[in-house]
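Look at the two complexes coming up: subunit A is in both, with subunit B in one and subunit C in the other.
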Partner chain A sequence: MDYYVSVATFAALNVILALGLNLISGFCGQVSLGHAAFYGLGAYAAALCSVAGVPFPLAILVGVLVAGIFGIVVGFAALRVREDFLAIVTMGVGFLFLGAVRKQPWLGAEMGIAKIPSPLDKWGYAALAIGAAVALVVLSLHVRRSWMGRAFGAVAQDEDAARTIGIDVAGYKITAFFLGTAAAGLAGGIYAHMTQLIIPDTFNFIQSITILAMVVIGGIGSTIGVVAGAILLTLMPELFRFINDYKLLVYGALLLLVMRFSPGGLAGLLQRLGLRLA
Partner chain B sequence: MYYAELLLVGLIWGCTYAMMALGLTLVYGLLRILHVAQATVFTLGAYIGLLAANYSGSLAVAFIAGAIAAGALGPLIYRFVYQPILDRPPFVALVASIGVLIAMEDGFRLLFGPYGLSFEHNTWFTTTYSFAGMTMNLVQIWMVVTAVVLLSAFAIFATRTRAGVAWRATVSDPPMAESFGISVSGVRYVNFLIASVLAGIAGVLVGLLNNLVEPGMGSVIAYKGLAIIVLGGLGSVPGTLVASLALGVVESYGTVFLDKVLDRDAIAFLFLIVVLMIRPQGLLGRR
Partner chain C sequence: MTLLEGRNLSIAFGGVHAVENVSLAVAKGELLGLIGPNGAGKTTLLRLLTGILPPDTGHVFFEGRDITRMPIHRRAQLGFALTHQIVRPFREMTLAENVMMAAAGEVTVRPWKALVAVNARRERERALGLLERLGIADGADKLARNVPLGYLKRMQAARALALNPRLLMLDEPLAGLNAAEATRLADLIVDLNAGGITIVLVEHNLGEVTRIARRLLVLHNGALLGEGEPRAVMARADVRDAYLGADVHA
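Then we have the complex of A and B:
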């Protein structure tokens, strides 16, 4: 039973990460290849607080805020550079985070932070992560239909046109980055307390790509699709044990095949099937 | 003297980056694709070069084999990965390219083992020369010579030959080039061929320099290659060359002065981010 609880918790954390990235890349159209850095920022900030004796809810909140504030900084970078340039800059942010953490003794360098206090039991973390994931799904669905969601869509489709009709492009870009990275910080805080040990390599480029894979395979821009993508990619290595040894091979091949045959991901595929059935 | 040596080491790495980044610029200039999968081509070149060297005992054979294998793989990636999705939004090709990279990296691990292979008779690695207090091995000297010769050959190709002119015409205006009877698809294959051969040779050289060929050797250099082409101004060949050498030197000094704060890869990307925040179009890019 414990095993299923922890798989469910990881699935929920991945849903939070993927929905956060979907806000930035799917809704607002800003490619980010460094989402794991914000996951890491949240984890490290929350872990440091907890080790220093700060109460659990406050530590999580600090993790969310630290990730969100750095997200705003990267949002400002997104005002300077666009599209391909932005993709490489966000990739750089990921490497910069990793390279900086690895060299700081007070962040535990390569060894990471161990013995993080754990105030909840397995069920508690599962409830917290799933609750947060559901809240984010609701928020995501709501944002999509709100004025903000439509403004995000306008920025994603044509920045210059959006600006011409009076949409505050800069403000919406920064908001998208703040919301998306704060969500990653939340996932990071929960992860750090649950595992009680964090090391830099958990938050590397492959992790960023894994999150991106969840978004893309689920269907970039589609909330339900992204949730399905995140759950699918979490369960796949668990259901098919043999995949674990070839995890990256399978991820890579899936990314390639989805891009080649159904760039809309699972959501796009279902939509096409639906249209054909109708 | 120490600083001069750091400069030299930086420039040597810069030459290797240039061979890798030139190919990425060529692909970007023609197709607007960030060709991350170039890392796969680089690693394949290194593995085939290593196998050829250990089998035949000759490094010349290693370079020929590495270049042929890489030169075959690049155009194949274009044909089966990029060509079908050219009309889709740019992130589609980028994500597909990352997919190829991580799948193939795992593939190399499964085929050749996770720990990497070494050259049996790496005579270039053990032959060293000293002058003016600096020591270099033969691999480093060949790195510079190869980069200078190949990049000059490319410059002559691009400016003096009919094929080169056709290539440049296609970069600046594909429909117009086509109406003048240039085979655009042919130019694209040649483009991938040149980019891949350069990457394959760079792969063999880096393998010789570290005396180790491992599955992940290409990824970091490809990410830096992307940083370099962005740094130089996307699609600008002179910018790419300047940025390659600049990045090599910055890394070389950075690893000494910033060692306590950042690792080597982080220094490269910090440099990129700082430059882009000041000049969003890159060093030699145009708005």
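Then we have the complex of A and C:
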């Protein structure tokens, strides 16, 4: 039973991470290849707080804010560069985070932070992670229906046209980065307390690509599709143990297949099937 | 009273003076035509005035306020609207949604305000009214990527109007329309002007522009060649030479 609880918790954390990236890339059209860095920022910030004796809810909140504030900084970079250059900048942010953390003794360097106080049991973390994931699903669905979602869409489709009709493109991009990275910080804070041990490698480039794969395979822009993508990619290595060794190969192949045959991901595929059935 | 003023505007691209030391004033309520042969710098001048390009030298004033460095979205919020020569629709939105985006300025002005606003009925009604006015109401619920150019051209005008502009800058709004559509849109431009919107029109369709504009500015090789009442301007020998390319043969 414990095993299933822990898989469910990880699936929920991945849903939070993927929906956060979907806010940035799916809704607002800004590429990010460094999402794991914000996951890490949240984890490290929350862990340091807890180790210093800060109460658990406050530690989680600090993780959310630290990730979100760094997200705003990266959002400013998104104002200067577009698309492929933004991909490289965000990838750089990921490496910068890892490089910095690995060299800092006060962050535990390569050994990470251990003995993080853990106030909840397995069921508690599962409830917290799933609750947070559900809240983020609700927020995503709401954003999509709201004028914020429409304005994100305008920015994603043509930022110059958006400017000429009075939309504050910079403000919306930064908002998207804040919301998406704050969500990653929330996942990081929960993760750090649940495992009680964090090391830099958990938040590496492969993690960023994995989150991106969840978004793209699920269907970029589609909240329900991205949730399905995150759950699927969490379960796959668990169901087929051998996949674990070839994880990147499998994700790469899946990404290629999606790009070639169904750019809308699982969501797009179902929609097409639905249309044909109707 | 002057609504828009450009003072000594210049810009060069790699040594080519696309616009050189041009000054102009647009009075409130005017319908001004900006004409000139291909490559005269009309679109570049428009871009300097609208802020898409920052001028190398010179200043732009809107109602006496220096807006040379003001971001485009702030200008749009002030009531300074423009349409692009090459249409820029939001392709994955319907024509109605395209216009609704512009009509929602009060809601989308701050992201956090936009987050708590869901209702779009008022904006949709306004968008449908504008599409009707431009004669493309039948395309309201079609995706922008699926409609012909003539529809997109007029949708762009509707989108600009949804901003409640006081100044409307139209970059070749008639290009790509057939003669009947062009006349109809030109008549609408006159109507809008009569309704109180100041309009600057860059146009290649000389027949329509001399018919509707009350004043013409002629641009040639990046500089002002002349200005005045349309028929008088078009009768000038130097303007005719500029269009017929007499200077090339001279």
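Here is the rule we use: the second predicted complex is superposed on the first by the 278 of 278 C-alpha atoms of A that agree within 3 Å, B and C clash if a C-alpha of one lies under 4 Å from a C-alpha of the other, contacts with A are read in each partner's own complex, and residues count from 1 in each chain.
Criterion: contacts are C-beta pairs under 8 Å (C-beta built on N, C-alpha and C of every residue); 3 or more make two chains touch, one makes a residue touch a chain.
Values in this document were obtained by computation on a predicted structure and should not be read as measured data.
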item	value
Touched partner set for A:L248, first subunit B, second subunit C, both or neither	first
First (subunit B), second (subunit C), both or neither touched by A:I206	first
Comparing the two partners subunit B and subunit C, which touches a greater set of residues in subunit A	B
First, second, both or neither for A:E83, with subunit B first and subunit C second	first
First (subunit B), second (subunit C), both or neither touched by A:G153	second
Which superposed partner A:F95 touches (first subunit B, second subunit C, both, neither)	first
Shared subunit A contacts, counted only where both subunit B and subunit C touch the same residue	none
Subunit A - residues contacting subunit C, complex	142-143, 145-148, 150-151, 153-154, 157-158, 160-172, 175
Subunit B partner contacts - residues on subunit A that touch it in the complex	25, 31, 77, 80-81, 83-85, 87-89, 91-93, 95-96, 98-100, 102-104, 205-206, 209, 212, 216, 246-257, 259-260, 263
Subunit B - residues contacting subunit A, complex	28, 32, 34, 81, 84-85, 88-96, 98-107, 110, 219, 223, 226-227, 230, 234, 259-270, 272-273, 276-277, 280, 282
Residues of subunit C defined as touching subunit A within the complex	50, 52, 71-73, 76-77, 81-82, 84, 88-93, 97, 100-102, 104-105, 107-118, 120, 159-160, 162-163
